[in-house]
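Should a chain be cited, it is by its letter among A, B and C, assigned in written order, with residues numbered from 1 in that chain.
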Amino acid sequence: MLKTENLRAGYSGDDAVRGISIEVAEGSCVALVGANGAGKSTLVKALCGLIEPRGGKVLFGGKNIVGLPASEIARRGISLCPEGRHLFSPLTVEENLLLGAYPRLPSFGPFRRTASGDLRHIYEMFPRLAERRFQQAGSLSGGEQQMLALGRMLMARPRLMILDEPSMGLAPILVKEIFKTISSLRATGMTILLSEQFAKSALLVSDRAYIIERGSVVLEGTSASLAKNPAVMEAYLG
Amino acid sequence: MNLDFLALAQMAVSGGLMGMAYALVAYGFQLTHAAGKAVNFGQGELVMLGAFTGLSLSGCGLPYWAAVTGAMIAGALLGWFVERTAVRLALQQHNEGWVLLTIIVGLFWFSAAENIWGREDKPFPVPWPESALDFFGISVTWQELAVAAGALGMMTLIELARRYTMIGIAVQAVSADQDAAELCGIRSRTAISLSWAVSGIAAAFAGTIIGPVTTVGPTMAAALTLKAFSVAVVAGLGSSFGLLLVGVALGASENISGFLLGSGWREAPALILLIVGLALRPQGLFGKKIIRKV
Amino acid sequence: MFAGISLGLRENTVERIVRTAIFIGLAALPALWQGQYALGLLTLMAVYGVLLIGLDTTVGYLGQINLAQAALFALGAYGTALAIGAGASLPLALAAGIAGALLPGAALALPALRLEGPQFALSTLSFATLSIIVLNECESVTNGALGLSISRPLLFSLPLDATSFYWLCLALLFVAWEASKTLFRSRFGLAIEALRDSPTATDALGIGALRHKVLAFAWGSALAGLAGGLHTMNFGYLQPAAFGYDLMVMLLLGVVFGGRRSQWGAFLGAAVIAMLPNLLSNRTLFSFLVSFGCVLTVVPPIRALLSHKVPLFRQAAPAIAMTLAVTLVFFIPNVEEWRKGIFALFLFAVVVGFPNGIAGAVTATLRQFIHFTPLPILPATGGISSSKKTEGIALRLSDLCKSFGGMRAVDNVTLDIGQGETLGLIGPNGSGKTTLVNLISGLYTPDSGSVEIAGKRPVCGSLMSAFSAGAARTFQNLQPFHGLTALESILVCQQGGGESEAMGWLLAVGLEGKARIRCSGMSYGDLRFLEIARALSTRPRLLMLDEPAAGMSKPDIARLIELIGSIKRAGVPILLIEHHQNVVAELCDRVAVMDGGRLIALGTPNQIRRDPKVIEAYLGADDTERDNMEARQC
């Protein structure tokens, strides 16, 4: 479904992503694992069009999407839950969720009614959000913010979900909850690309994984085989 | 004593009503600042062009309401044009060049207006009577009421659209976090252009309601820009209610200081207020403090 | 592409020769181009030159839009006029003009320069309007809107005729030019350059943003006052209305047109504004100039078309503006009336097409064709030396808390670092490590709790205060001074000491070969080392390194470990945030682990490595997995 060929990207100066080729098959969950600064976030941003790749291709459903603006890529069905969540903090929880479905909703018409089915679905999944639907997103706690970010992404009914560091800044107990949610999403047949610093958990929920170090893929394979690979663990605890 | 008090109150009321129009122009700054972190230093010129367009249209025999609508359409186009030609270019180059470019585009408008409509101030005919109403000894003209009602109505209308339509919420989302908005499929450039167009509408509309009071001429731009800036900065770019409050206060203070110190000093208190206000509270009275990130 | 000509001279020398030649030519001009009118124009150009060099200090060097220069010019003019009225001699009258602009300018600068961008522009705009109101209304002193008439005073009891007054103006322009140039080449100038790139870094490194900005603005105001004084003596008649919005816009645009951050640019801008009314009246010349400009702006879009690309709007916009200007010039009968409009189009084309102005564009072209001799590099001295270890603690944090919205970023952190100790701070992304450093270095104000650095308690939330207590830091997201070279980046940070010593710091981090390279052209890894050198050159009593190895290559990391090791041996206490476990294990005496804003573990690297809480925080392993993990660790 998604395939990158020799993708290069970066901010000013050197490339942070130095020729990465990955593949995500329909219905699978693929993990990108690597330490902070390895280039995972840059890769993910390049996939979504937030930064323009300096070279290589990104094929989504067989079409090259390099150079399209992020909004266009989002409309084609790739949804990113960005690192650090990036909620619309002055807006309410419900408005955040509605914005997730923005391309489907009427600009001036009764948008709440159009989206009511999806909203109900999200509130069933995350009852905490239903309780706080009229609160400002910025006033939520860290765990609730992450749920909202996930919910906003699901509202888009994406074909491919990309999760960038969903565990970032959360207490361990909440991290477990987030991973449980990811597992259940995967069980519904959703295609997921997960970028994660927690190697163990990421390998547990995914089918395949790429180990990324300094902008390149150093190892790839099924998650089960990587989890047994001592080299992977070494990269983390030295 | 009693008479003096009454005179002061009269000054304050008519100034305050006029101040609502300043708040409306300032509201235009708030719209564009929220969307793309830039404001139009030539906003006064848009007000002036709006007034001239309205004037010309009613000169063609169109009724007042049609002329105002025409001016608003022109304002939308002009606002969009400024964003497209000046602001977006400068922000692409990542510098403060947009301040210069909006000044430059304003200068061009000024020169164009001078040559198209002439340098003289012209009266703006209106359909309402010249008479005044009396509230407990304070007289309020229909004209002043129209300014206040128009400004208030326009701001309410835009604010309602921002809060209760999906496209309005999307524009707010772009101001909160442009990248995240893009990820939701919102075309942030379009949203920013839209904000500038609406800001242009507000400015042109302000021109058609201020015009009848002050008369219309190329020089009305500079003073208005400054006043609207004062309102926007003292209130802080973030609270429309704050804008109204400060706008009314500025209008009233202008009239009172003009009355007490002489007409040349009209604008002085507002300017001092602006400098002191900025120094003490850069984010504005009603603004939120910005956290620096590293 | 081009071999280029080598002159065997330094750029600075060439510039000075050309400038001196031009000044001599200008001084000789009245002999060739006679007439009272021509002389008046040349004098005006010199006066505007001084004024624009002053304006360039804020608009160019500080990078802030200053709309007060016309008003300061007016205040200087009135200061001089009043002094002459009181019978002052010429030097005294000029001094009065300078004071007349400098004092209000400084009074404006103190509050206004805390602001940035549009807010600063606004406060200067209000100041300008206010000044004109005061000049108009204080009729007893300024004679209000009617204006003041004065006659030129004697210079040391000698009367000055128009030509000698022109020479005086020219001489003063030369002095102002040279002084400005020297000023902005000094450490002061480097600091100004640095703070435009990163005010956060300049504050954190003790350079101090506000102080420099206020001084620069004061210098600009003083030049405005001087120009005002000369203007008074040139015209002999003053009226507040002449110094209004129009002049302000012209001045601003003159600087931009000529080229910011360059005295040449200011001079060119001054020449254009002074001559503009005349250019417009000479229609043939003007048509020629506009057409020439149009041809210049058409080049980039045509070049894009030739390489079969659709030209970007940014490339095409100047050409569109200039075409419009040409149309106006050739088809409108009353060109004079459209003066401002055409000027606006011109400026639009320059600001978009040549962001560095005419001077910037010319300099860039010259540098392509001519090779100048580079500056010599001095031998290095100094470097990392042992500091005297004082007793006590280097850093003490007690119950430090900070929340953002509903997020507790730092939650009750209590921590000590001893003298000479290296403490590693690790934790997953977003666990609050950088926020903690931001609290210590004074970028953020803690909600509660206290910070003590080397026995001193800095003012909470003040970078400068934390710096004076002895803290120096690097930044996770680099804060380089893009416009400075590596050597200049150190020079601006170190407290005293010359170029040799700065070279010593570069040598210590292995950048001695890149001393004259600008930061904007350096690689990521080099910039990380440069940030460490910057922090070291302040001789800190506490060094905080925020993820120095992030994004570095393997050999760079090895170099980094060696470097931090040598800093450690010199006895500098270090707080090291790091993700790379081998860096932490090799260097740190103790390691603190954060998770979710809390300190969850503290101990030697070995203890930490075995701590199950840490393993869970790091790998997110669930309970059954943890046993396997520990088994593997042992």
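Quick note on the criterion: a residue touches a chain if its C-beta (ideal position, glycine included) is under 8 Å from a C-beta of that chain, and two chains touch if they have at least 3 such contacts.
Note that this is a predicted model, so its numbers are computed, not measured.
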Contacts common to chain B and chain C (chain labels): A
Chain closest to the middle, measuring from C-alpha centroids that were averaged per chain: C
Interchain centroid distance [CA atoms averaged], chain B/chain C, Å: 33
Centre distance in Å when chain A and chain C are each reduced to the mean of their C-alpha atoms: 39
Residues of chain A touching at least two other chains: 89
Chain C residues touching chain B - in the complex, by the definition given at the top: 63-65, 108, 110-112, 114-115, 117-119, 121-123, 125-127, 129-130, 133-134, 136-137, 200, 245, 249, 252-253, 256, 313-314, 317, 334, 337-345, 347-348, 351-352, 355, 404, 434, 438, 443-444, 475-477, 479
Complex contact set, residues of chain B against chain C: 38-39, 41, 85-86, 89-90, 92-93, 95-97, 99-101, 103-105, 107-108, 110-112, 114-115, 222, 226, 229-230, 233, 262, 264-265, 267-268, 271-272, 274-276, 278-279, 282, 291-292, 294
Contacting residues of chain A [partner chain B, same complex]: 48-50, 69-71, 74-75, 79-80, 82, 86-91, 95, 98-100, 102-103, 105-109, 111, 152, 156
Of all residues in chain A, those that touch chain C in their complex: 13-14, 16, 35-37, 83-84, 89, 138-142, 144-145, 165, 167-172, 175-176, 179, 197-202, 204, 214, 230, 233, 236-238
Partner chain A, residues of chain B touching it in the complex: 165-167, 169-170, 172-173, 176-177, 179-189
